[in-house]
Amino acid sequence: MHAVYSFLTGPLAWVAFGIFFGGIAYRLVSRALLARKRDTAVFEYWSFYHALRSILHWICPFASVNSRRRPVLSVVTFVFHVALLAAPLFLFAHITLINEAFGVHWWFMPDGLADVLTLAVLGACIFFFVRRKVRPEVAYLTTAGDYAILALVAAPFLSGFWAYHQLPGHAAATLLHIFSGEVLLVIIPFTKLSHMFFFPFTRGYMGSEFGAVRFARDW
Amino acid sequence: MNDSSNWDWNPGKRLIAPIGAWAATYGWVEEPVMSADGEQVAAVVKSDEAAFAACVNGEIWEASFDRVWNLRFTADGRLTGLVNDGGMWTVAVDGQAWESTFEYAWDPRLPANGGPIACAAKNGSEYFAVLDGQPWETTFSNLSQLATSLDGKHSAAVVQTVDFSEGDIFKFQEGCYSVAVNGQVWKRNFMNAWDPIFAPKGDRLATTVRLTLLETTIAVDGEPWPGTYSAAWEAHFHPAGERVTAPVKTPKGWQLAEDGRILWERAYAQLWHQLYSPDARRLAAVVAPRFGRWTMAVDDQPWKTTFGDYVSDPVFSPDGKRLAAIACQDGRRTVVVDGTPWAESFDMVWPPVFSPDGRHVAARVKQDDRWRIVVDGRPLPEAYTTAWDPVFSPDGKYLLVRAVEGSGAEAVCQRLVRPLNDIRG
Amino acid sequence: MLDEPRNTQEQIYDSGIAKGAERLTPEKIQRVIQEMLAGEAGARLKTYVETCVHCGLCSEACHFYLSNDKDPRFSPAGKVKQTIAEMVRRKGVVSVDFMKKASEIASTECNLCKRCAMYCPFGIDVAFLMLFVRRICHKLGITPQYIQDTAHSHSATYNQMWVKDDEWIDSLQWQEDEAREEMPNLRIPLEKEGADFMYSVIGPEPKFRAQLIYQAAVIFNTAGLNWTMPATPGWDNSDMCMYTGDNDMMARIKKAHFETAMRLRVKKIVMGECGHAFRSIYDMGNRALGWRMPPVPTVHAIEFFYELLSTGKITVLRKYDKPVTIHDPCNVIRGRGLHEMLRYVAHAICEEVIEMHPNREHNFCCSAGGGVINCGPPWKMKRVNGNKVKAQQLFEAKSKGAVTCIAPCHNCHGGLEDIIHVNEIGMDLKFLGDIIYQVMEKPEQA
């Protein structure tokens, strides 16, 4: 058990973070080079002001027309993304691990808040799952891969919650938590989760075209 | 070119016609045109209630027409216009309409020297070209893109050779167009043919052709190059008339090809309007080294200076050593010579003109609705209501300025010969 | 599942697609798609296809989706799923029937209006993707017949309507003669080098709507403007090659257009009330040639009328007294942000303006744009039924009193005319020029 733990938190963690950061860097750089070659428009018409303007309108809930048309989804999506990023980044246990390994630490949140955020992520995953099932326009688009990604996003949160609250089998849950977290890191650059780092570019480009060339809003 | 050595090169200003006064006489005066030597100015005027004619230096044509338009001088000073009389169209030269008339006539082509004048014409559904009033013997169901040789003696056009009904896309794709040279149609049909151009002697003809929706190439005397491209712009003959160059789109970008082989290795975001220096030693083209930046390339070497809007109307000096073009940046136009733009820019610039020795470049420009003449980047002090291209004297000592001074009833058209020394001093 | 016949639409025969497909083999399809993916597909296509998280938020942007009982196959992402995403996923191994349907979807179920880019959180440009599909179809030779014919016309005549060189000039001179009955000194100045602007129109104007040229001439002459029109090919600003994916032909006809303006040494091009032509000149055609922005500044009629009215060059004698509503054409509103100028002009010339909602950048397309109306009669009912939301908007405007709908775009006119007729809405359609001509003060009115 301990050997597995050491492997998961040692070499595999290095590999996972390596692939995560390396993968993102590779994807962004290779995509930028491809854009240089084939999509000169992206560089030619890019406008930082209009890109940022568009990104902000799409990050803030209710700042776009479509967001206002779907208040529940807007709130769920916003909370989901905030919780998804904040919970692991500011979790006491994670920061302790990093502090032990590298001697760096930062602000952490009370565990109670982390619990709330975790439940929010899991709740949102259920919401997205149901939405994929019941809304015809979403069901039509949904593939098995979409469900798999949803499950992979939920897994570290569910297992983390399980382990923290010492529920039966929590030792295995701890290992599963670490492993699923590492799997998530590894797949982010290469699946639809890449929207995490492509978002500023797709939205920013559209914002630039609309704002700087078309003199129109895109939200 | 027309020999300008026998023009009046005595320095000074000479009134050609008080054209502002014409309005009082005729009521209707259209925009004037001026002959190359600056000795004649003409405009379409109303000769009576419903008849039009050209007024030349104050003298009106004897014949009048229901309509006169497209008034232009040939290089040797003949005044031409398209005229309609009683519903039939033809070309009038110095007031004399061709004897042959047509249901419609258009697109007059004026020779570079004293050769014949050509135009496109039709009777019923038969289309053809006409040279000095003499129609082609063959006719076609459509004709466009008329081209004439330098001496004006040969004419060619893209013609429709196979009839098809609108909507018959598959018939169209089999090739229903070709090129007719002096009325003789090439043996082969193409889906499209564009921009026919004669060799300098008029004995050969090249054109861009589309063989299928996806394959474009150059055909010379009806024979396509062996290779095809996704696109190609207009072809151009070497001054000796043997070789043909054309910009072609390859997977790398736009490159210049010669006789079906890549001549310029460098690939550009755009490449067009290639031209040879008069001595045929240098080949230049308008290029975009990258998207949105424009300049000239000489023998595949682009100038370092690039411009954002466009570069157009390139011209070599007569000795072939210098190259000038119009360059536009941020909506302001100027002349760029060998990669160096003039300091000042203008609302509009006309194609630059070299002195015979190539040392000076002049152009007419428009700024705030007033025309000026600019020499080597320095605008002459006078501003005109209208001006035409300046002309250098054969010895390069004088500059002929043709312009309208004053406006309304006060407008006068004049020719002004200025010593170049004065201008530079 | 993708190859099932679609039960919501009857099978429509289009000889361009059907006969073109007879020449296809799965091998050829695979080769062309793979060549396109390897040779032309860039970062945008890849990123758009990979980034779409299948959230379905684009659906309600699309009038086809809303008008077809929210059938998810008509949602923007649904169209991507049935076309390019599948081609990418299967690396081009798709059937002939798949490609026939892909051609139908890309050419007749998407107006390339880009409304969905305003509803997708990622700003995924489905119009761009559908154009890529159309380009694949172009390379395979399965473009719908009517629009392909129009593309042929562009290639043979440099205009949209097979207008021959002489017919163009003749039409202008005819309109000049007609207009001189009303305004004896009127001119349509042809080939006037150095004029302030070149007026450019689309092929249907000399062919079917010559009165628009007449009206423009009266307006320009009244305002005392220094303008010209070319007497050569290059006069037509329209561009269906942009919509068939024939990018090289798009470039060729735009080159002719811009070089005509450059040859005439005009400071700008003023174009008539057309939307797609504006897109071609201002956005796609210039870029295809390497011009970052149009080499000769291009002004749409809405903006030009705004200038004329706001500077007092034309004055309104008596405002149009019937209540009007405004249809915002996508290509000049989402494409150029002219919505407020359009409203300025409408209010300046009409007594009462009743807005349709949603409007401005959020307008619904007329369903004719993007080359869809140019796919011709076989697709007419599908197009009209695919825009019940616009019919609904028009009904609502009518119930508030609107009698006339202003649509400053040719394709919008065609599309709205069919919607109004089929749905028996009973509304007049007008261009801004129609009304301005009617209400303006003219000199020496006879």
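Just so it is clear, A, B and C label the chains in written order, and each chain counts residues from 1 on its own.
The working rule: a residue touches a chain if its C-beta (ideal position, glycine included) is under 8 Å from a C-beta of that chain, and two chains touch if they have at least 3 such contacts.
Since the structure is predicted, the reported quantities are computational estimates derived from the model, not experimental observations.
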Notebook entry, point to check: If each protein chain is taken as a node and each touching pair as an edge, is the resulting graph a line, ring, star, complete or other?
Noted result: complete
Item checked: Central chain (distance from its CA mean to the mean of all protein CA atoms) -> C
Checklist line | Pair with more cross-chain C-beta pairs in contact, given A-C and B-C | finding: A-C
Notebook entry, point to check: If you average the CA atoms of subunit A and of subunit B, how far apart do the two points sit, in angstrom?
Noted result: 61
Check: How big is the gap, in whole Å, between where the Cα atoms of subunit A centre and where those of subunit C centre?
Finding: 39
Margin query: Quick check: how many Å separate the C-alpha centres of subunit B and subunit C?
Written below: 33
Item checked: Multi-chain contact sites of subunit C, meaning residues that touch two or more partners -> 287, 292
Notebook entry, point to check: When you check subunit A against every other chain, which residues touch at least two of them?
Noted result: 44
Check: Which residues does subunit B have that touch at least 2 chains other than itself?
Finding: 269, 291-292
Check: Once bound in the complex, which stretches of subunit B touch subunit A?
Finding: 269, 290-292
Check: Where on subunit A does subunit C make contact in their complex?
Finding: 31-32, 34-35, 37-39, 41-42, 44, 54, 58, 64-66, 69-70, 73, 132, 135-143, 146, 192, 194-195, 198-199, 201-207, 210, 213-219
Notebook entry, point to check: For subunit A, which residues are in contact with subunit B within the complex?
Noted result: 40, 44
Note to self: Under the definition above, what is the set of subunit B residues touching subunit C in their complex?
What the structure shows: 28, 30-31, 67, 69-70, 104, 106-107, 120, 122, 127, 142-145, 160, 166-170, 172-173, 177, 191-192, 194, 210, 213-214, 216, 230-231, 233, 249, 251, 269-270, 272, 288, 291-292, 294, 308-310, 312, 328, 331, 347-348, 350, 366, 386
Next item on the list: Can you check the complex and tell me which residues of subunit C touch subunit A?
Entry: 40-44, 46-48, 50-57, 59-61, 65, 70, 72-73, 75, 77-78, 81, 117-119, 121-125, 283, 287, 292, 333-337, 339, 358, 361-362
